[in-house]
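Every chain is named by a letter (A, B, C and D) in the order it is written, and numbering of its residues begins at 1.
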Amino acid sequence: MSQLRITVWNEGVHESTQDPAGMDEYYPGGIHGALASGIGEQIPGATVRTALLDDPEHGLPEEVLADTDVLLWWGHKAHGQVADAVVDRVHQHVLGGMGLLVLHSGHFSKVFTRLLGTTCSLSWRNAAEREVVWTVAPTHPIAAGVPNPVVIPEQETYGEFFDIPVPDELVFISSFSGGEVFRSGVTFHRGQGRIFYFSPGDERYPVYNQPEIKRIIANGIHWAARPGLERTAPAVSNPTRDWYL
Amino acid sequence: MSQLRITVWNEGVHESTQDPAGMDEYYPGGIHGALASGIGEQIPGATVRTALLDDPEHGLPEEVLADTDVLLWWGHKAHGQVADAVVDRVHQHVLGGMGLLVLHSGHFSKVFTRLLGTTCSLSWRNAAEREVVWTVAPTHPIAAGVPNPVVIPEQETYGEFFDIPVPDELVFISSFSGGEVFRSGVTFHRGQGRIFYFSPGDERYPVYNQPEIKRIIANGIHWAARPGLERTAPAVSNPTRDWYL
Amino acid sequence: MSQLRITVWNEGVHESTQDPAGMDEYYPGGIHGALASGIGEQIPGATVRTALLDDPEHGLPEEVLADTDVLLWWGHKAHGQVADAVVDRVHQHVLGGMGLLVLHSGHFSKVFTRLLGTTCSLSWRNAAEREVVWTVAPTHPIAAGVPNPVVIPEQETYGEFFDIPVPDELVFISSFSGGEVFRSGVTFHRGQGRIFYFSPGDERYPVYNQPEIKRIIANGIHWAARPGLERTAPAVSNPTRDWYL
Amino acid sequence: MSQLRITVWNEGVHESTQDPAGMDEYYPGGIHGALASGIGEQIPGATVRTALLDDPEHGLPEEVLADTDVLLWWGHKAHGQVADAVVDRVHQHVLGGMGLLVLHSGHFSKVFTRLLGTTCSLSWRNAAEREVVWTVAPTHPIAAGVPNPVVIPEQETYGEFFDIPVPDELVFISSFSGGEVFRSGVTFHRGQGRIFYFSPGDERYPVYNQPEIKRIIANGIHWAARPGLERTAPAVSNPTRDWYL
């Protein structure tokens, strides 16, 4: 049984504004609820919290982050409303070893762009195209047990150029009916922290209900988690000569 | 004016067997002729040789390789007929700093699989699908001046998993009408040598006549070339302490 | 003759405070002067500007950056005094294709940490130890013509763990008399920009007067420069289906 | 309790020739015995086999490899005596997913050079210098619980340039008393297989008896192992269009 402590953050704007209409049919508990439910199925015994933009401190006070092995981040409409103090806190925890999964439109979140240093811009088109997710790193733990390819019947199209640093590991590449390609599953390391960005999952399509997608997200959590690690970001030191002898 | 010395190797089997029929309409000088012609346009002043499987020593005796800054390799039907002694020689020259461009079905050539250590297998389908070549490394010299994307109206489909080592640089990713994706432009470094693999270009479609493709190949040649470098593969040494002082 | 436009930025605090005493003996024109002089020797015909913290807008107004192919950054004591507006501007220019060389204690500059997303912390010791700079990427343009190793008789010791993202390319690794190692020459790509960090060069030792170091810096400039590129950072787009046909 | 199946291969020449004299004092069971003993301590429940050059088929018949999750390879004097048929077999198993740890002078083994495609040459000096092993990838599983640095009082000196492909992950960098540096812990992926090369460990010094070294090797085994994976190397396929729908 896993002892992993997982926090799913969602801005919750699509849910609170009931936009798109009908989202509650496939995501009755919201996007965060769907994610939490999938994690519960895939990682029995894990502790799964959810946190929302409208919660005090966006649901991410120091004590929650200190009690989180892996944080998932879903945002879209309200990136600008996320307080810089919370972004600072999440940033520090990632540098100290908290795992981070950034999902879909979270590419434009403050925390992701700050960790990467680029615009994280991309091309997009909302046209219910078919996305096909191909594994290009079959040895990667995140690809374990994942069919190659995974077919998502309808999804928002994301296309290159995706303005991210060269990923440390490129796990998945997607194609879309319109011919676009996208580096849809990529990892980064920052300080002591492991970061997985995974692009499938839009508010208009029930992507997070697909078993293969649940598996990928669970694999990402296992890969990013560093349970037992002391949560300390790297820091400058000034050792004397031969200090290590 | 460039002083680059370029050798285009082609097994020449499609040409000698006139298979596919009609290939001489778009490639009247053979695949090697088309490649040489494009290079001549793009790199004025370069010296461009061609060499064929049926030439003595496959057209690649020691003196030719010693006089070659960048070697292009196109093979398909006759990989097994390439003499191991020639493969050894090409291998050594790459390790010593000769640039190498491996094209399309050359992925299964002896020299490429030996340099990479993997099977270099892939999925393929001959269905005249549209290939769209996307740039994912806009800072890379090989992408300079290349439109994003490049559209190839008809091409053989190559798909992942492409069993290569993780590339040092991933420059292009292609999608195909059938939904497959392929890491179509990738670089590797071996010893002193720079290697560029570029997948577009099949015997059935006039891909090497497209200006954008000519540009990519010329960029690859410029990137891989190390003119003036002494052609010496790395070797073991046994220096005394403080030898460098 | 190169047409490269190069700007050398130095905070200038060591110079204005005459600390360390005697620095003006080996750097009579300041650190920026030494760097500019070396560049002038190595890249004849280049236009070399210098800019200082105390200049209006730190010497880096929009028109200067727009007229700069490669910016060198040397800072140590006054990182916090660099105005965020200037950091924003430099950041945008790098994303748009301006080359950036960050030198030595510039690892803690605002612009470098923002581009990388990490603390960029390290261990250090000011003990006039010998640094030996080893090439581990002999195919890299920055290593061209550089002896392996380069010996720096006295230098500040920098040691791992250096909290940077995994570099895109690791060109040099240094050892120090005290036994520390440091990834002393590393590259990153951000947006359209190429970044080279090179650690040798402290205010107390005349490192920038060494010919091999001048060569490395000139190589870095050539590698990072993208003359002729339109200076535009990547941006989001929303193309219609089949836009590229 | 681990169910991992581990095979330690040693050419066994230093043992059979009693050269260097006295090796049996610190390695009474040979190098393979020391490695097996360390693994037994670190990975309780693992099945650990040893195999020697002089065993039939070098102790590596098909049924042994098929029953091996991770193979360790130690060789030095007799690389040329390893039968090509055995090298072929090991190569295929790695491509199919068997983990491989190559140790110290195994850098020149047939199987390692075949997997990497380079000369794997380096500089060396047998001078009982102190080696200090620094972690540069603190997020990597192989570095988990490993002190930074690890000090090896006496070891053969290995120095750059180490002619390997750019590693997929650089975990450890070593310095030596003589000032050399070496990329001493590096990973590669080939096909379905994970490969870890770790340079410490010479026949003249009791390196494999150090607890930190045992920990690194055990971490490497855990990282490289893919228990439960069907042992199949990637292969070419020719699917029809829409095969995945």
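The definition used in the following text is that contacts are C-beta pairs under 8 Å (C-beta built on N, C-alpha and C of every residue); 3 or more make two chains touch, one makes a residue touch a chain.
Predicted model only: the values in this text are computed from it and were never measured.
Chemist: Mind checking the rotation angle between the two copies, subunit A and subunit D? C-alpha superposition, nearest 5 degrees is fine.
Modeler: Superposing subunit A on subunit D takes a rotation of 180 degrees, nearest 5.
Chemist: Find the pair in A-B, A-D or B-D that has over half of its contact pairs, by residue number, in common with A-C.
Modeler: Within A-B, A-D or B-D, the interface duplicating A-C belongs to B-D.
Chemist: Of all the other chains, whose mean CA position lies farthest from subunit C?
Modeler: Computed centres place D farthest from subunit C.
Chemist: At the subunit C/subunit D interface, shared numbers over all numbers used: above half (same) or below half (different)?
Modeler: same
Chemist: Report which interface contains more C-beta contacts, comparing B-D against B-C.
Modeler: Looking at contacts between chains, B-D has the larger number.
Chemist: So, what's the distance in Å between the C-alpha centres of subunit C and subunit B?
Modeler: 34
Chemist: So what's the Cα centroid distance for subunit B and subunit D, whole Å?
Modeler: That gives a centre separation of 33 Å.
Chemist: Counting only residues that touch at least two other chains, what does the list for subunit C look like?
Modeler: Subunit C, residues with two or more chain partners: 132, 137-138, 149, 159, 161, 166, 179, 189, 234, 244.
Chemist: Chain touch graph shape: choose line, ring, star, complete or other and state it.
Modeler: Drawn as a graph, the chains make a fully connected set, so complete.
Chemist: Hey, which residues of subunit B end up touching subunit A in the complex?
Modeler: 130, 132, 134-138, 148-149, 159-162, 166, 169-170, 173-177, 179-181, 183
Chemist: Write out the stretch or stretches of subunit C touching subunit A in their complex.
Modeler: 95, 114-119, 121-125, 127, 129, 159, 161, 163, 165-166, 168, 178-179, 188-191, 233-242, 244
Chemist: Would you pull the subunit C residues touching subunit B in the complex into a rising list?
Modeler: 97, 132, 137-139, 149, 151, 189, 192-194, 226, 234, 244-245
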